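Take a look at these structures.
Each of the next two complexes has subunit A plus one more chain, namely subunit B in the first and subunit C in the second.
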Partner chain A sequence: PGDVVLDLSNMTNHTIKLGGGLRQDCDVISVMKAGTLRFSKPNKYWVENSQKRYVPHAEDSVLGIVVDSRSDNFLVDIKGPAIAFLPVLAFEGGTRRNIPKFEIGTLLYVRVVKANPGMNPELSCTDASGKAAEFGALKDGYMFECTTGLSRMLLSSPTCPVLDALGKKLSFEIAVGLNGRVWVNAASPPTTIIVANAIMNSETLSGAQQRIMVEKLLQKIQ
Partner chain B sequence: MEEEKEAVMVTPGEVLGRTSDVKAGRGAYAALHNDTVYASLTGFRRTLPPAPDSSDQYIICNLQRPTIEVTGHKAHGPVPQPGSVVIARVTKVMARTASADIMCVGSKSVREKFSGIISIYDSYFDDRQQDVRATEIDKVEMHLCFHPGDIVRAHVLSLGDARAYFLSTAKNELGVVSAESIAVCASMLYILCLGATMVPVSWTEMQCPLTGQIEQRKVAKAAS
Partner chain C sequence: MEQRLANSWRMPINDIKFIETALLSDLRVDGRRPFDHRKLTIKLAKEDGSAEVHLGHTHVMAFVTAQLLRPYRDRPNEGSLSIFTEFSPMADPSFEPARPADAAVELGRVIDRGLRESRAIDTESLCVLSGKLVWSIRVDIHILDNAGNLVDAANIAALASLLTFRRPECSLSGDDGQEVVVHPPEHRDPIPLIIHHLPIAVTFGFFSNENLLVIDPTHQEERVMTGRMTATVNSNGDVCAIQKAGGEGVSQSVIMHCLKLAHTKATDITTKIRDAVEIHNNERALRKIKRHSSSVAVDVCGAVIGLGEQNQLDGSHLENLKLKEEENFMECEATPSGQVQSKDQVSKDFVGGPSSWDPYSECVNSDLLKASLASRGPSVPSKQKDSRRETKPKEPPQEIKTDSSPIDNALTAGQNNEGKTLKDAVKPKHKRKKKVSSNSEN
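Moving on to the complex of A and B:
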């Protein structure tokens, strides 16, 4: 943070789009977060970083925990600065008559609809077109926390190497929230633990190292 | 009739007269169940001569009642009344309402803390344009009208509930008067100053002078 990336006084008549982590200070573009500077043609710059804190943005899929329920919305904690509101009707086919009853502590896979600074984020259990699309409560399984960078790596396409290697030998289901929460569910507890540990250890490893680590882990069980 | 300057101190609940004899002014109220005028503040009682043109129900009896009022013995700060224009600072912006702390009533600053609430129905449109409000209410977003920390000029609609006055900014000359942008500027001595006062561009936009970024607010029309 503080490094100057671009000097705007040299470039005139260029339109530059700034993504996260960059800020315009009068004439220079400086960095606000520590990370890798990325550039996408024609004119987009942003900084990719990994942190344990989550800043809500619209259209993020996150894992939230129900903290309280009010008459018109549920209060859900998504690891952000403010508690998010999930309207009671924001489900597929949701009407006043079939309001779901979530207990305090229920884990939900939800989508952030609106996230403005200073306001509580608004969530929804449907995708943009109104269908359920796997959003909703997650039953059983094990949830652990990680950094936002690891969440993004797990969600990248093509499939992340560690998930690929684990998926060839074990069967499990996984839900990744961009707010640094991951949920794993498998038939037996040892499988769940192996998957969770493999993911937690894979943040700083390259693709090949991840596959080697997974193989060693699996050899130890069999 | 001479106005007697009485230095009589009265307390809330004291009987000041009967409604057939006197009219209740400031600091007093008439209880209709037993036709008596009581004081509602602590202070000095003053009798004012009757106004010559007032339409009074007792006029038929050819009687004009004097007005009794109770004025505070210490100077109180101004209190927002329905219909007054206040200046408030927005504290919290939510989906359909915004909370604000009232700082001035008219041109005087208040001595105690008063809270106000601006509802989404009263932030954007003139309340006489019923049709506009009904069709466009879904497109109005609260965070495009106010941000926390903005100074707004608003009109008090009513005393509201126990928590806050109800305020409205639904007129051209009401709305955000002054707002700070989210830009950060580093001065010569590497001291970071947060926010620059923005300049209004139109009735929905304000521009930051340092970065040129435009932010949306419901801007008040400046008094010419």
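Moving on to the complex of A and C:
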């Protein structure tokens, strides 16, 4: 942070779109967060960083834990600076008559609708068109926390190498929240544990290293 | 209220169920077996008496200091050992800065009991003057990261730091043997504490299912478990302390089983601690050899030095005690020679970092200097070291006043030098030493 990325004084009539992590200070563009600088043609720049804290943004899919329930919304913890509100009616076909009952500690896969600074974020269990689309409570399985960079890597396309290698040998289902939470479920506990540990170890490894690591883990078990 | 809600760490009910289910098949979330410890790393700093322990992700640091104090009334022959814990808020969102939680107090008590009741540290050897002065050992434990099982990690850190701690040697002197002289590390090697055995704490976690038992719980397992027990045993198989504060009841057979397990674990951990301490001691010895070899080189170019002067210098280094030593030494050192000066400089060269720099010794040396200047007259070079005039007793100023003009120049130069660093103070000494030795040869 603080490094100057682009000097604008000698560029005129260009429009540049700045993403997260960059800021314009008079004539220069300087970096606000530590990470890798990414550039996408024709004119988009942003900094990709990875941290343990999550800053809520709209249209993020995250994993939240129910903290409390009020009359008109549930209080859900999404690892951000403020507790988020999930309106009681924000479910597919949700009316006052069929309000779901979540007990404290339920794990939910939700979508962030509004995330303004200073206000509590708002969530929803439907996608933009109102359909359920896999959002809602997650049953069984095991959830662990990771960095935001790792969750982005797990969600990238083409499939992340570690998930690819694990998927070839084991069968499991996985839900990744952009807030640094990952939920894994498999038929037997050992499988779940292997998947969880493989993912936790894979953050700093390259693609080839990830595959080697997964193979070693699987060999140890079998 | 909402801020605190947002900051606490939460566990979903899925995890609670999963951990118990996995334990039914003898599997823990990080891949361990129920009776495995996490990876233990002990780091001992260069300084004596400081240790950093990593037990998996749990990170604890301990530091030992000693002070001379009055003993307790009912135990005039024994020193004292006290443990202080600091639960830093960076370790866990539930730790609050100024308010020690129950767990914090319990941790301190468990470690304290393990060391005190089992008499692991020999407190009688800490007595200096019966009834008046004893060494009081204080162990400060800082929790830096809480990933479960703080008691074990803190215990290991405390033991490792106590094993590497060295207290300054002190001797009795003075007319009636009532005055204590504390020798700084440069003059007499500090001595280690006498530790008879190492009590190792092993924590067990119990779950709602009777047959489930884990050792070294992680913070997730700590949330799920319904009861915990800490057994402090040493490698000889003696049980030093057992702590079971509330929680689920367990049967007697389970407790006996736990004690046996704790014994095996304790032997493992004891070997690890001793290995780490041995490596540290070897490094220490190597460092000392390097220091002494440099001193031998310097000695060769110096003049003949009597050990008697060295001992006089020893006595002059005092700490926190109101004694009359200083004035005595002023009188003794009124008959100096250049040789004594060079020995001072030799010992000064050893003053490695600022932490071992002793202002009192500075005072003595400058006094020596002035006294020697007085006796030598104007032939002595006018370069003066930094002056610690505040601590100077009565005699040298009088001497200085009667000196000739070069000495006055030296004084003013000294006053100008006061703002300089230790390095500047060291450099002129080298020049002076060579000149003095050349003078003495003449």
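Side notes on the structure shown:
Here is the rule we use: the second predicted complex is superposed on the first by the 222 of 222 C-alpha atoms of A that agree within 3 Å, B and C clash if a C-alpha of one lies under 4 Å from a C-alpha of the other, contacts with A are read in each partner's own complex, and residues count from 1 in each chain.
Just so it is clear, a contact is a pair of C-beta atoms (placed from the backbone, for glycine too) under 8 Å apart; a residue touches a chain by one contact, two chains touch by 3 or more.
For clarity, every value in this text was computed on a predicted model and none was experimentally measured.
Partners subunit B and subunit C, brought together by superposition on subunit A, fit side by side with no clash. Within the superposed three-chain model, A:M119 lies in touch with subunit B and out of touch with subunit C [touch as defined at top].
By the touch criterion stated above, A:I83 is placed in contact with subunit C alone, subunit B being left untouched.
When the two complexes are overlaid on their common chain A, residue A:V67 makes contact with subunit C while staying clear of subunit B. In the superposed three-chain model, the partner touching more residues of subunit A is C, compared with the other of subunit B and subunit C.
Once the two complexes are laid over each other on the shared chain, residue contacts for A:W183 go to subunit C alone; subunit B is not touched.
When the two structures are aligned on the shared chain, A:D25 is found in touch with subunit B, with no touch to subunit C. In the superposition on chain A, A:L107 makes contact with subunit C only, while subunit B stays out of contact range. Taking the Cα centre of subunit A as vertex, the centres of subunit B and subunit C in the superposed model span 90°, given to the nearest 10. Closest contact between subunit B and subunit C, by C-alpha atoms in the overlaid model: 13 Å.
Note: residues 120 of subunit A belong to the subunit B contact set and to the subunit C contact set alike, using the contact criterion stated above.
Across the complex, subunit C meets subunit A through its residues 2-3, 5-6, 10-18, 21-22, 25, 27-31. Of all residues in subunit A, only 65, 67-68, 75, 77, 80-83, 103, 105-107, 120, 138-143, 183, 189-190, 192-194, 196-197 touch subunit C in the complex they form.
Looking at the complex, you find that subunit A touches subunit B at residues 23-26, 85, 116-120, 122. On subunit B, the positions that touch subunit A within their shared complex are 92-95, 142-143, 147-148, 182-186, 210-211, 213.
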